[in-house]
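Each of the next two complexes has subunit A plus one other chain: subunit B in the first, subunit C in the second.
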Partner chain A sequence: MNRIRAFVDKAGWPRIIIAMLLLSLFIVAPSVGVRVDQSMTNTIVRFGMNGILVLGMVPMVQTGCGLNFGLPLGIIAGLLGATISIELGLTGLAGFAGAIGFAAPFALLFGWSYGKLLNRVKGNEMMIATYVGFSSVSFMCMMWMLLPYRSPKMIWGYGGSGLRTTISLEGFWIHILDNFLTIRIGPNFMFPTGMILFFVFMAWIMWAFFHTKTGTAMTAVGSNPDYARAAGINVDKMRTIAVIMSTVYGAIGILVFQQSFGFIQLYNGPFFMALPAVAAILIGGASVNKANITNVVIGTILFQGLLTMTPSVINSAIQSDLSEVVRIIISNGMIVYALTRVTRKSR
Partner chain B sequence: MTEQQPLLHMQGITKEYFGNRVLTDVCLDVNRGEVLGLVGENGAGKSTLMNILFGMSVIGQTGGYAGTICIDGKEVIFQNPFDALKAGIGMVHQEFSLIPGFTATENILLNGEILQDNIVTKVFGPRLKTLDLPEMRAIAEKSIELLGVDISPDTLVSEMPVGHKQFTELAREIHRPEMKLLVLDEPTAVLTESEAQVLLTSLRRLAATGIAIIFITHRLQEILDICDRIVILRDGQVVKEVATGDTDIGQIAELMVGRSVGAKSASTSGYDKDTETIVSLDHLWVDMPGETVRDVTLEIHKGEIFGIGGLAGQGKLGIPNGIMGLYPAGGAVTLHSKPIRLNDPAAALAAGMAFVSEDRRGVGLLLEEALDWNIAFTAMQAQNKFLRPLLGGLIQWRDDKAIQNVALEYIKALDIKCTGTDQRAEELSGGNQQKICLAKAFAVQPDVLFVSEPTRGIDVGAKSLVLESLRTYNRKNGTTIIMVSSELEELRSICDRIAIVDEGRIAGILPPSATAKEFGLLMIGKLKNEENKVESHE
Partner chain C sequence: MTKKTGFNDAISRVFIGNVVPIMFIVLIAFATPLSGFSTGYLVQEMVTRLGRNSFLVLSLLLPIMAGMGLNFGIVLGAMSGQIGIILVTNWGISGVSGLFLAMAIATPLAALMGWLAGIVLNRAKGREMVTSLILGFFINGVYQLVVLYIMGKIIPIKNSALVLSRGYGIRNAIDLKGMRQSLDKLIPLKIGDISVPVATFILIGLLCLFIWWFGKTKLGHDMRAVGQDMAVAEDSGIKVERTRIIAIILSTILACYGQIIFLQNIGTLNTYNSHDQTATFAVAALLIGGASVARASIPNVFVGVVLFHLMFVVAPMAGKQLMGSAMIGEYFRVFVSYGIIALSIVLYAWRHLKERERARRSLRGAKES
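Now for the complex of A and B:
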């Protein structure tokens, strides 16, 4: 009994409840004609697609800048990298590496100025971050039309200028990570080894960073900025580093997302990318000022699993258009429930 | 004094906060028409005693109190301030509790407004009664007049000078006809001297009408001017109750601060006056809110324990905070004859100074992190200890093993009670948290250690342990310790020299063997001129 209670304390009710729900969806799935192996593939692929974006939440949370609602800024840097790579006609691994390479300077620049901004609005980071995300997306809506891209793969067929809303990666670097060392079992199960390895690599870098002197200082800044200052740490500098890291992870994260998804989504594409990432890390057990890699992994699996399973299973079970509504109510209701539990525990 | 029954009789009042006894068996009588002065150091229990009398909720929430309170011979138990108000007790707090956007009249009669019927009340009931403004104005005017000041009842509180606000608050308390006992907590602290004079005069006039007054202040001269009797509190006990005529400022000051001077102060013989100067402050100023340091020039010798005392708000806390770069500061600070860059905590730490903050939970600890981090963090960041360089120093990898070892070492050395190095700091008791803060500073292995209020909010047993470990550290490593404390007795028990700060300046430096009276006089700013400082004793 005590062991059960200890486990519940450690895992937390929101995670246990969501895990139960997810499990029951998997159990019910075959009886309504949804294949379990296919569902598992979908869950794993979605985990790989979103994992790095969620990982990008960690540095800012740890430094006390709150949840990175300004993730679209990093995503825009990634989109710039991706489009430049295609513009130059890079394909295959070179294309993907090029995209990361071109995205990085943008992410550094955006992250640096975004960090400077957040240092001026201490205490209101999350609200300002939301506006930064939204306004940068709107600004880029104009820029995608105006920037001098020439590649016929990307611009509108009529008029001959301005980028399309979705650009196919077919022939460039589609599934470049997914297809690396892929394990296939039967016709319906696929394990995207390359993408998961890449996630593990990025998570390892994050883990290692938080074991260095700077990473330790950043954690202390998030825990108690006054303590950190008294220990001679430049609090604003640590926060800026954290914001830059979050932005860079956002940029790389969207590239991984795209190579699996197969398309680059411009214009309003990045608009709502921050919310699923925020929800995932919170469901994973992070609070507003404490997060770790485990939170990322558990949260992403649970949240993406739920997003994969609810539409397919409930669609099949109810057999009506109502399923979409039910799915939204259940998944968002879960997020709200998780958030209420999280805040009570952390503050 | 006639042989009548006292208006207020408090008997055997005892109060504990979380096992920390702040009042012990306090007895207090106040007669009608009497002004009683209540004096004591910060933390002597004055405010707690008044909170008990006034039925403040904080008392009930922390476990209530023992003892009885009688008014006119009848025992009363106040559950909340409203009960106290009904019984005729009024209180004027240090902070203004007035509504800025209301006029003096409205503030004075707040929640006691004179109402009159109108047509609407006949239909909708008494909640819609209108205010009888002329009548209210008259009442307000009358009570302001009683105070002997000239305030228009129609002035908005936000437009009043500070003194008038204080009078408005007084007027609010005295306008009520049932008022019998008025408690004034430092009413003159915010007033100019002439305003304070007017206030004192009006208090005498109030007392003449039969109202009893309990007057709390740090300005001892005022106490002598207007009080009939004086009760002196120290460490939660009444140490003396005297009639004003039988005493003088010197005696009161001595009683306030001085316990019997024990043999403890003699144990500081290790200090040698001729050692070199290690820290010198030259015209230091520090802009720390509430603790402004104006102009401090000091020389501190190598290896001594130097105490800094003084009343709250006079700037003693600003000195270490300014030197360590936590608040804007100016002037010059030198360590080993090398200037220290101010306003830069990293520079102060790098130069070999460490600081144990008075704000333990706010600045001193990472409450949500494990103990080993708390202990090792400052040394790691400021001096690159507990790090392993990887890739030729490109990456500074945290050495968790070394951190844990140093934490275990200090937990053992300082006898910190915890479940292990991975326990979170917020789970420890106050005394053990303070030891963690000390361990953090010791881990830096400083040449000069600043310790600010090391025993605030911890119980008696832990206090002596903390002081003992400071003294041991000083002896063993020859570390110069500069200790700031509100508790004079604590300073006298371990320091070699003690400076008293008054109004942001050093009022004087005394040896620990100086009498309580000398310390008391310096604290209340009675000895300003240079000649009377140390020489008077030596």
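Now for the complex of A and C:
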């Protein structure tokens, strides 16, 4: 009994409930005619697509900057990288690498100024992050129309200027990671080895970084800023590094997402992209001031699994599409829960 | 050295205090002539929009008084109001009586929502704004569940004009034929070419009186005390959590009425979108009127509504004249709404931090400065 209670305390009720729900969906699936192997494939692919974006939450949470609702800023850097790469006509691996290469300076610049901003508003980071994200997305809406892109693959056919709302990656670097060393078993199961390897690589970099001297200092800042200052750590510098890392991971994350999705979504596309990533890491057991890579992996699998399974199973069972509503309720409910829980502890 | 810092501080304090309205007036002064609209048209638009939006913006005042910041949770009230309107339309009650019946039905729902929001926000002290924002997204999911799947199935909807062709769920757009501008035109008045929604303005005036009177009651004083310092208020015997919940309940109910007034003026209910931007636009208008996260007054509301909506009307045309595309102007006004909110919160938080530093410096004495 005590061991069960210890387990529940450690895992937390929301995580257990969601895991149970997902498990029951997988059990029910065959009886309503949904193929389990295909659902597994979808879950794994979605995990790979979203994993790095969720990983981008870790540095900011760990240094006490709160949940990164400003993720769209990193996404915008990624979009700039992708569009520049297409503009220069780069395709295949060169195109993907080019996109990352062009996105990096933007991500560094955005992350640096975003970090400087957040250092001036300690205590209100999350609200400001949300609106920095919203306003930068709407600012870029204007820029996508005005920036001097020329490639006919990207601009509107009529008028001859302004980028399209969605740009196909067909012929550029679509599925470049998905198709690397892919394992196929039967017609319905596919394992996107390249994408998962890339995720593991990015997670390893994060892990290794948090075990360097700087990384340890960052964790110290998050746990107790006063103690960290007393120990001679430059708190503001550590926070800026964390925000830059989060932004860079956001930029790379969206590029990985797009190569699998097949399209670049501009304009209002990035608006609400932070919320699923935030929800995922919280479902994984992170709190507003503590997160690690295990949280990312578990959370993304659970959340994306749920998103894959609910529409297919519920549609087959009751013939109506509840998926969108379920997604909104679960992701935002999880965030509200986390926001209310942490204050009770810290008070 | 000390003198220079003091001077800089003073300048930055004045600038930071009024930067938002100043920026906005400059912006509008440029954009209005560019748009080429006639003065008469703009005045009519402003009168209409004052009637349409002021009530919603006023509903933000009480939580600010209670120190809970900008209540993005007013969308909860807006959604309650929309459910009231859907039910009244279903029963086929039109005109002003339908309008007030919708308000009456929606009131208990809005009160319940406000109570819920109050409890949630009490558990998230210090991060009320972001919590109220996400709570709005969450309740939006519940609202969609109710309106899209439960209405017509469990809650009977007999009016076929409301129901989707599949037999349950509410249609995307509902024409509020019977209700359209029923309140605005209740007492018709024309000044020159400009029609004035007198009855709506009377309601808004009554609400202003209520807020003014409320500030003088015991509860109003308690609310201000809680807004100043929760610990001190608690020590002097004020029930802090209860006071905060009351502030949010009142705000949610007022927002519910505000949304009903808004919709009767528009004349169509977009079941799934009408409430999306309610909080953003109301908050942006209030901030543009010179309010801050911690301080807002009734004049801020009216100045803000006029300035914000002047920009709203003018931006697409100005964008077309300047850049050759009306879309730019539309993106621009969305950017301005979000940007203003971001800027105001940043300035507020920054000032807060600076004040703490100043306090610390004065404690240390002049030795170090």
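The definition used in the following text is that the second predicted complex is superposed on the first by the 315 of 347 C-alpha atoms of A that agree within 3 Å, B and C clash if a C-alpha of one lies under 4 Å from a C-alpha of the other, contacts with A are read in each partner's own complex, and residues count from 1 in each chain.
By our rule, a contact is a pair of C-beta atoms (placed from the backbone, for glycine too) under 8 Å apart; a residue touches a chain by one contact, two chains touch by 3 or more.
Note that the structure is a prediction, hence the values are computed from the model and not measured.
**Q** Look at the residues of subunit A and decide whether subunit B or subunit C touches more of them.
**A** C
**Q** Is A:230 touching anything from subunit B or subunit C once the two structures are fitted on A? First, second, both or neither.
**A** A:230 sits against subunit B, while subunit C stays out of touch.
**Q** Should A:294 be classified as contacting the first partner (subunit B), the second (subunit C), both, or neither?
**A** Once the two structures are laid over each other on A, A:294 reaches no partner at all.
**Q** Which holds for A:139: it touches subunit B only (first), subunit C only (second), both, or neither?
**A** The answer is second: A:139 touches subunit C but not subunit B.
**Q** If you stack the two complexes on chain A, which partner ends up touching A:211: first (subunit B), second (subunit C), both, or neither?
**A** A:211 sits against subunit B, while subunit C stays out of touch.
**Q** In the complex, go through subunit B and note every residue touching subunit A.
**A** Residue list for subunit B touching subunit A: 324, 326, 344-350, 355, 357, 359, 362-369, 373, 377-378, 380-382, 384, 387, 395-398, 400.
**Q** Can you list the subunit A residues touching subunit B in their complex?
**A** 211-217, 219-220, 223-224, 226-227, 229-234, 290
**Q** Residue numbers of subunit C touching subunit A in their complex, please.
**A** So the residues of subunit C touching subunit A come out as 120, 123-127, 129-131, 133-135, 137-138, 140-142, 144-145, 148-149, 323, 325, 327-328, 331-332, 334-335, 338-339, 341-342, 345-346, 348-350, 352-353.
**Q** Spell out the residues on subunit A that touch subunit C in their complex, using ranges where they run on.
**A** Residues in contact with subunit C: 69, 117, 120-124, 126-128, 130-132, 134-135, 138-139, 141-142, 145-146, 162, 275, 320, 322, 324-325, 327-329, 332-333, 335-336, 339-341, 343-344, 347.
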